[in-house]
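Please go over the structures that come below.
Two complexes, one shared chain (chain A), two partners (chain B, chain C).
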Partner chain A sequence: MVAPGDGKKLREGVAMVEYELHLLHNYLIVGALLFGIGTIGFLARRNMIVMFLCVEMMLQGVSLSLVAWGRYHGNWGGQVLVIFILAVAACEAGIALAMFLMLYRRSGNLDMIFWQSLREENQSETVDVEIPEPDEADHQWPILTPAGIEPDHDTEKPLHRSHV
Partner chain B sequence: MSDNQTLFAAATVLGALGLWQMLPRARSGIGRVVGPLASLVSLGLFGYLAPRLMLDLNQSDTSMIAGQVIFWLLAAVTVISAAAAVTMRSPVYSAIWFALTLLGSAALLMFQGAQFLAVATIVVYAGAILVTFLFVLMLAQPEGQSHYDRVCWEPLLSACTGAVLIGILTLAMHTSFTGGDVPVVASTAAESSDILTTDHMARLGAELFGRHLIAVEVAGTLLMVALVGAIAITAHGRTGRRKETAGGRRDG
Partner chain C sequence: MSDSVRTLLILIPGLPLLSAVVTALLGRRVLRHWSHLPTILALGASCAMSLMLLLEVRQPAPDDSTSGSVRFAQVEPLWTWIDVKDAFELNGQSRDFTVEVALRADSLTSVMLVMVTFISTLVAIYAAGYMRGDDGYGRFFAYISLFVFSMTMLVSVSNFVLLYVFWEAVGACSYLLIGFWFQKPSAAAAGKKAFLVNRIGDFGFAIALFLIWTTYGSLDFHGPDGIFGDKLLSGEAAYVGGGVGLAICLLLMVGACGKSAQFPLHVWLPDAMEGPTPVSALIHAATMVTAGVYMVTRCSPLFFASAADPYVVGYGLDAVAISAPMVVAGIGAFTALLAGLIALTQNDLKRVLAYSTVSQLGYMFLSLGTGSLIGITAGMFHLFTHAFFKALLFLGSGSVMHSMGHVIDMRRFGGLRKIMPYTHWTFLVGCLALAGVFPLAGFFSKDAILIEVFVQGHSHSPTAAYYQVLYCVGIVAALLTAFYTFRAFFMTFYGPLRVPAEAGDHAHESPMSMVAPLCILSVFAATVGLLLSSSFGQFLVQTPSLAYVAGQEAAHATGSHHDHHHAHQLVATTSTLVALLGIGLAAFLHLGNRSQAQWLATRWWSAWFYRLSYGKFFFDEIYIVLIVWPLRLVAGFSYLIDRYLIDGIVNLCGAIPPMIGSRLRSTQRGIVQYYAFASIFVLMFFLVAALYFNDFVN
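Let's look at the complex of A and B:
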């Protein structure tokens, strides 16, 4: 026998499940997008620090997906895993940045191409064909609006009155 | 394949094309306009499609709509700033855009009910890791831009790789969602949602230091080892270089 309230509760339950599914789905898409964009950056960029930033971006995508799954299943597994991801990412960043500094001391720049002598034997060497000239816009740094005016440096006028 | 999936694939390809055009390289006048335009169109397509891809919400509940709007705003901020972080020429600018990505994803985590993680992401990533990045950038590249920030490895191939990866991930998701095995889990989980309770932090701590205690200890040890390792790397590099220069002088 079905009580009158049961139907409503059931409908609310179904709506809740659909909402949770919806949420999970959306989070997984955003996580996948972050992961994919990070992959593109890691493969394409040449600056070691930017490459590392892209790896961190991929980790963020994974974290989002894990937390979404955790919420969906109603347990803490996803969040605990993300906490460990944070810890490992911190270690990784410390070590990697120390190594970047050492590599910079040897090579004088952060370019990945400097280390291409470590490539496989049968791979051909990468040579920069054309390096685009720096844009004008690249050298335009943001400036602060000038605050106040420069006082005139009239040395003859005494700044302070000697006698009141 | 339904229309929605075709459109989704088109959005992915368009997004990859836009990123390809926006990556730093010798740009023509057309590419400068086409890249951002294609990315924007694909972003709009994603926003239009993603709610429709899997299920049509039968009852349009007004209380959910506000949540959806907030979610899509946060997601747009996160994804746009991620794309900007990847494509900026100046590494300092990409680091700052990445900080915005982190803020967006922290807000997304908060939206999901993961309060501790949202704050921890900001503190650990934006507060510590990103600042260290900027320190190293200032140490290693004080003049700002270098020539290697204006060129890329294989921009087209990497954009294709990213598009294929996104396609595979979302397609796998779609098949598993329509397979019918996931909703069963949801029906059991939705009622006992342990995560959304008010004593969130206490429960997370109990879980972390109860069931995962050994893992926490291992992670602490790992942090310690990484600290010692980072110091050892820099210290050893310094003495090694000193020895090299000393040897060079002796030879000379």
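Let's look at the complex of A and C:
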């Protein structure tokens, strides 16, 4: 026997499940995107701080999917884990940044390429085809135009650094 | 009484062991030139206790058996070394394999103990003077103590396995002491040679033990089932003759040949003279080399059984009955003759004495090979007297060496009687004893041997003709003994005074610590034969295994006492004449200007013999061609296989990981991104693989 209101409830239930699934998919997609961007950033960039930021981004992607799964399953496990991750990430950030600071003091540079001494013996050092010399332009910071004054558009002046 | 025997039996080997440990630990740092003190004290105490043990054993046994002959043996078990239950089944009875560390006191043991400890005490006193100033002074006395421990244990253990253990231990001490001056290549080589030749003999001995175990089911001397235990000696169980009995005896004889330097394993003893002279006197003349004689004497019931039931080869008229005593006698007589012939022409004083030792040991085996009780006791008596005069002669030659600046070639010195009067007179006593001149020790013991061989040769047994030949060989060997002994004596002490340059201008008599042992030994070498010739045999026959032989002989008595008395006069006359003839010949050839000896060495009809004897019958060369070279070839071949085939395979296996590594090394560039990429890539690979296989499985 099916009660008169049952069909509506059932339909509502199905809609809820589909909604939850959609929601999960969306969050997982965003999480995967964050993870993927972080990965690519980690592989592609050489500045240690930027690499560290990329790692954090990967971590956040994972955290997001954990929260999403937690909601989908209707328990707090995912969120509890994320709190732990945040705490651990904070510690890790502290350690990592301290290490970067020390490395910077030694080499005067944040480029990862200066720290390849763990390579195998007899392997030649990896040298960039051309390590760009820091030129004058790099040390010029963007200049804010004075408020309310029409800036003189000097096209020869660079507005931002060519690279980080 | 029993307690005191036990204490004595433990202390006699225990004190030398203690002194060996103390000297080895403290010799280099603490004792230094006092290193001889612990050894001399321990050996002297051991000697005194051996004499006490001899007196204990001399008392007649409290109860006595029905057989009439007095037996005495006291076995003191200390602890059980090996105990395997039901190791072997013999005639439906299971036997336990037990090795009990037990010491025994009987006549044979106590005689050997007195001889070993007495000689070693004198040699240790002598060595304190002889070895003074040597770098290895402490090491030397540690070895000597260790040797005396091993030797006293060898003669007092009551088990074949332990006998074997200490048989090896004295061999190891001998090796260490021959190679004592190991910086000298010839000494190191001589030590190695002695060790390797002895291995051949020990191999035979080991197989003999296996055979005894499978035949009798026991390796103990004592106990109800022991080889010289109650059942076998009382006739309740029988000794095995025939092929097995012969095999056991011959394999034991192989062991004895190795240790006692009998043909064909005699080659190591002359080379062993590379060791310090006290060692030659103690180990290679008086004690260790007689271990083979002791062992054969101990096993005389086994040999007696083989004689009673010989192994017959062939059929009908061609049949030849071989018994173990015949082989022992043959080897002994042949060795006595061979070594005597070689000793005739050697120029090295110590080598003459070494060949003389080999020859005298041959006499002892000839005597044991008569297979009769009188023969066995005569052999032991010769062992006993020989220890005194041969140790005396070796110590005398050491004294000569000491003052001649370690020159031992007799052609380079002469006329030393004026410089070294004590050495000269004591050496003369030793020579007379060795040559067998009445009334010195050698006369009595050698005569006892020759008489017994003579009696065997004139018995009605089928082997009589064989022993007649051996008697002639023995007489010839006695002639040779007298000749080479006095040749060495005359060459060293007579003629014009000549001193080699090495001695410098201070050639003089040796110090008191060396002369005193010589004098003591010469007194014993002169008198021991006369004093003991009658009582020695009666005392020794209390040993259970010899008492068994006596009982068996009494059972098959043929009444040869008359023969003995008659033979005594004949043989004594013959051997004395032969000894005097040898001495006279030596005097004729070597006392004057020695032109006759030169003449004899260069005639065509005698030069070949001179060369043969001088070259030691080329045994070393024959062995090198027949044994050493083939072994070297095999070893070289094995080396090549090992070096190139086996090592090649191993190296190939070892080369694989570096080869792979060298390919992969280029990826290790120390850049973080590379590693990150590799780990991400691999992770992705496994993720994809896991997804794929999950789908596949579900």
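Convention: the second predicted complex is superposed on the first by the 127 of 164 C-alpha atoms of A that agree within 3 Å, B and C clash if a C-alpha of one lies under 4 Å from a C-alpha of the other, contacts with A are read in each partner's own complex, and residues count from 1 in each chain.
Basically, a contact is a pair of C-beta atoms (placed from the backbone, for glycine too) under 8 Å apart; a residue touches a chain by one contact, two chains touch by 3 or more.
All figures in this text were calculated on a predicted structure; none of them were measured in a lab.
Contacts of A:V17 after superposition: chain B is touched, whereas chain C is not reached. The partner that reaches more residues of chain A, of the two candidates chain B and chain C, is B.
Shared-chain residue A:I113: touches chain B and chain C both. Once the two complexes are overlaid on the shared chain, A:Q123 sits against chain C while remaining clear of chain B.
Look at A:T39: by the touch rule set out above, it reaches both chain B and chain C. The contact surfaces that chain B and chain C form on chain A in the two complexes overlap at residues 39, 43-44, 46, 112-113, 126. Of all residues in chain A, only 13, 15-23, 25-30, 32-41, 43-47, 49-50, 52-54, 56-57, 60, 63-64, 67-68, 70-76, 79-80, 82-84, 86-95, 97-102, 104-105, 109-113, 126, 128, 130-132, 134-135, 138 touch chain B in the complex they form. On the chain A side of its complex with chain C, the touching residues are 39, 42-44, 46, 51, 112-113, 115-120, 122-123, 126. Note for the complex: chain B touches chain A at residues 16, 19, 23-27, 46, 50-51, 53-55, 57-59, 61, 64, 71, 75, 78-79, 82-83, 85-86, 89-91, 94-95, 98, 101-102, 105, 108-109, 112-114, 116-117, 120-121, 124-125, 128-129, 132-133, 136-137, 139-141, 145-155, 157-159, 161-163, 165-166, 169-170, 173, 177, 182-183, 185-187, 189-196, 203-204, 207-208, 212, 215, 219, 222-223, 225-227, 229-231, 233-234, 237, 241.
Within the complex formed with chain A, the chain C residues making contact are 665-666, 668-673, 676-677, 680.
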